[in-house]
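Note that chain A is present in both complexes that follow, paired respectively with chain B and with chain C.
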Partner chain A sequence: MAFAWKASGLTYNKYLSVAARVVRRSLKDDKRLAAERRGESELRMAKWNNGKQGEHQNVAEANAASMAEAAGSPAS
Partner chain B sequence: MNSLRIARSALRARPAAIKAPLLRRGYAEVVSDKIKLSLALPHQSVYKSQDVVQVNIPAESGEMGVLANHVPSIEQLKPGLVEVIEESGGSKQFFLSGGFAIVQPNSELSINAVEGFPLEDFSIESVRSQISEAQKIAGGSGSEQDIAEAKIELEVLESLQAVLK
Partner chain C sequence: MLSRAVRPALKAGAAASVRPVAAPVATFATLREIEQRLKSISNIEKITKTMKIVASTKLNRAQRAMTESRQYGKTSNTVFEQAETKPLESEGKKTLIVVSGSDKGLCGGIHSGLSKQVRRMLVETPDADIVVLGEKCKAQLSRSNGKNIVLSFSNVGKNIPTSQKPKRSQTRSLSSQRTMLPFRLSTTSSSMPHLTKPPRLKLSRRRQSRNPVSSNFSAFEIDDEVLTNFREYALSNTLFWALAEGHACEISARRNAMDNASKNAGDMISKYQILYNRTRQAVITGELVEIITGASASED
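Let's look at the complex of A and B:
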């Protein structure tokens, strides 16, 4: 199956999180406030190279950058 | 002569030994016409191995209805409406944000999704306003990823709008 989002470098994980985010935003106000907290993530990572710790970065931002890089290249 | 007698008695003895377990049939073996549904979200399990009559799911390969003794399969779900027809005859509708449905060989159906809510929890006004917003981004000059995200949102919102009417 060919998916349009795949061609833009998005992963299935990202696709699911975008779909879930928009579903949460479509809820009635009381339910929405409780649900929207589930979409937040505050994960940070650092890449280790030759025994040295690299820069700390936000995982969501790092993922976005790697997805932009993957755009246009055929999905593996 | 002696060996012949042994062979004959063996012949007589065997059919009884084979037939006995085949003929035995208890109540527990009667095939159920219900399917066990588990509908699980990361934060909640909506159905926990509950007997239901039928489940209609929006698979990527097309809408499908799952009854008991369905052929085992794994289906990717589109963001859409899942309808559960319960034993009492009533039906419940949930909008799921996309995930997987797994039909197991023993009449068990597991559905996994990230978000899922009953239809009455959605607000049609907020769906409409988000559609116009997403259309602006999808037609704008943002990055390829922003446009792709807006198109995913549009797909979900349009499906949501269609079922809320």
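Let's look at the complex of A and C:
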């Protein structure tokens, strides 16, 4: 079984979150507002190297970058 | 009568010179000092009380979210139990410890307890990698075990966690092999939450090997490719569980901490109230004595 989303470099969880976002956006207005708030995330991350904290990044942006990277190579 | 603004300066000057002479001025000043402290303590009490109320209203929702998320975690654990998954015994396996804390303080010793637990685990597995969620634990762990930290996340735990969050964070951290995912679990149903020993979820998985060492897994009749998906999903599931559980613990700990703080403030208030009244009484008595002696002296 081959998955189209896997070939384009998505992980399963990313695939899930995209699907969830689509569902949220297609809801009726009153429900959609509450649902979209659930989907928001302000998570920030930093990589650590040898005991030193690296730069702070927004996770959503970092994800997009890593996905673009992964899209080039064949998914494992 | 001196103006009120001048008095502290006068008091400082008096303290520098001869003490016994400055005694009446000092009593007036301490009376005012006590009054000021009393006021500030009662302000603190108000704040802690409000925080407690906020925390206890949040607690209900957090607890509900926790019980719901526990179901997720349990279900995914059941799969591993049924499949009889065992940790890999191969060489060079790495351990990843995910510490699920939060950004906010003022909730008692829950973060330091968590950090201590992690340190204890690091004694057993010194080369484990750590992923820290939340600023508080990050600060504590970076001081002692900064070398072990590979990733840290902040802005965690502002609200009740949704399943979205672990998914986002997880996509980044997937690259490392992991054998253990311990996290904090504590009981919030009792009024005093305590950090129980985190049950170690041994999800053995190596990125390279297609199949984890699960002797019974074939019973599920699942394709190998779907299995990788499941592995990813199970991880984010577990993280979600940890987040929800951690959030509930934190709120509950905060409620208790604030409860204690307002109790302490109440104790201090009553103590200072008594002290204040006594000092005031002493000052009044002293003044009365002075007036009476003055009056009786002028009579003669």
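Definition applied: the second predicted complex is superposed on the first by the 76 of 76 C-alpha atoms of A that agree within 3 Å, B and C clash if a C-alpha of one lies under 4 Å from a C-alpha of the other, contacts with A are read in each partner's own complex, and residues count from 1 in each chain.
Here is the rule we use: contacts are C-beta pairs under 8 Å (C-beta built on N, C-alpha and C of every residue); 3 or more make two chains touch, one makes a residue touch a chain.
These numbers were taken from a predicted model, which means no experiment stands behind them.
**Q** After the match on chain A, would you call chain B and chain C a fit or a clash?
**A** fit
**Q** Based on the superposed arrangement, let me know which partner A:11 touches: chain B (first), chain C (second), both, or neither?
**A** Once the two structures are laid over each other on A, A:11 reaches chain C alone.
**Q** Output check: A:38 vs chain B and chain C. Expected answer is one of first, second, both, neither. What do you get?
**A** Both partners, chain B and chain C.
**Q** When the two structures are overlaid on chain A, which partner does A:56 contact: first (chain B), second (chain C), both, or neither?
**A** After superposing on A, A:56 lies in contact with chain C but is clear of chain B.
**Q** For A:19, decide between first (touching chain B), second (touching chain C), both and neither.
**A** first
**Q** Quick check for you: in the superposed arrangement, does A:46 touch first (chain B), second (chain C), both or neither?
**A** A:46 sits against chain C, while chain B stays out of touch.
**Q** With chain A at the apex, figure out the C-alpha centre angle toward chain B and chain C and round it to a multiple of 10 degrees.
**A** Roughly 90 degrees separate the directions to chain B and chain C.
**Q** Quick check for you: in the superposed arrangement, does A:27 touch first (chain B), second (chain C), both or neither?
**A** After superposing on A, A:27 lies in contact with chain B but is clear of chain C.
**Q** Please state the minimum Cα-Cα separation between chain B and chain C in the superposed model, rounded to the nearest whole Å.
**A** Nearest C-alpha atoms of the two chains are 5 Å apart.
**Q** Can you give me the overlap between the chain B contact set and the chain C contact set on chain A?
**A** Common to the two interfaces on chain A: residues 1, 16-17, 20, 38, 67.
**Q** Inside the complex, what are the residues of chain A that reach chain B?
**A** Checking each residue of chain A against chain B gives 1, 4-5, 7-10, 15-20, 22-29, 31-32, 35, 38, 64, 67-68, 71-72.
**Q** Chain A touches which residues of chain C in the complex?
**A** 142, 146-147, 149-156, 158, 162, 164-165, 167-172, 174, 207, 223, 225-226, 228-229, 232-233, 236
**Q** Per the contact definition, I'd like the list of chain B residues that touch chain A in the complex.
**A** 42-43, 60, 79, 95, 97-99, 114-115, 117, 121-123, 126-127, 130, 134, 143-145, 147-149, 151-153, 155-157, 160
**Q** What residues of chain A sit close enough to touch chain C in their complex?
**A** Chain A reaches chain C through residues 1-3, 11-14, 16-17, 20, 38-48, 50-53, 56, 59-60, 62-63, 66-67, 76.
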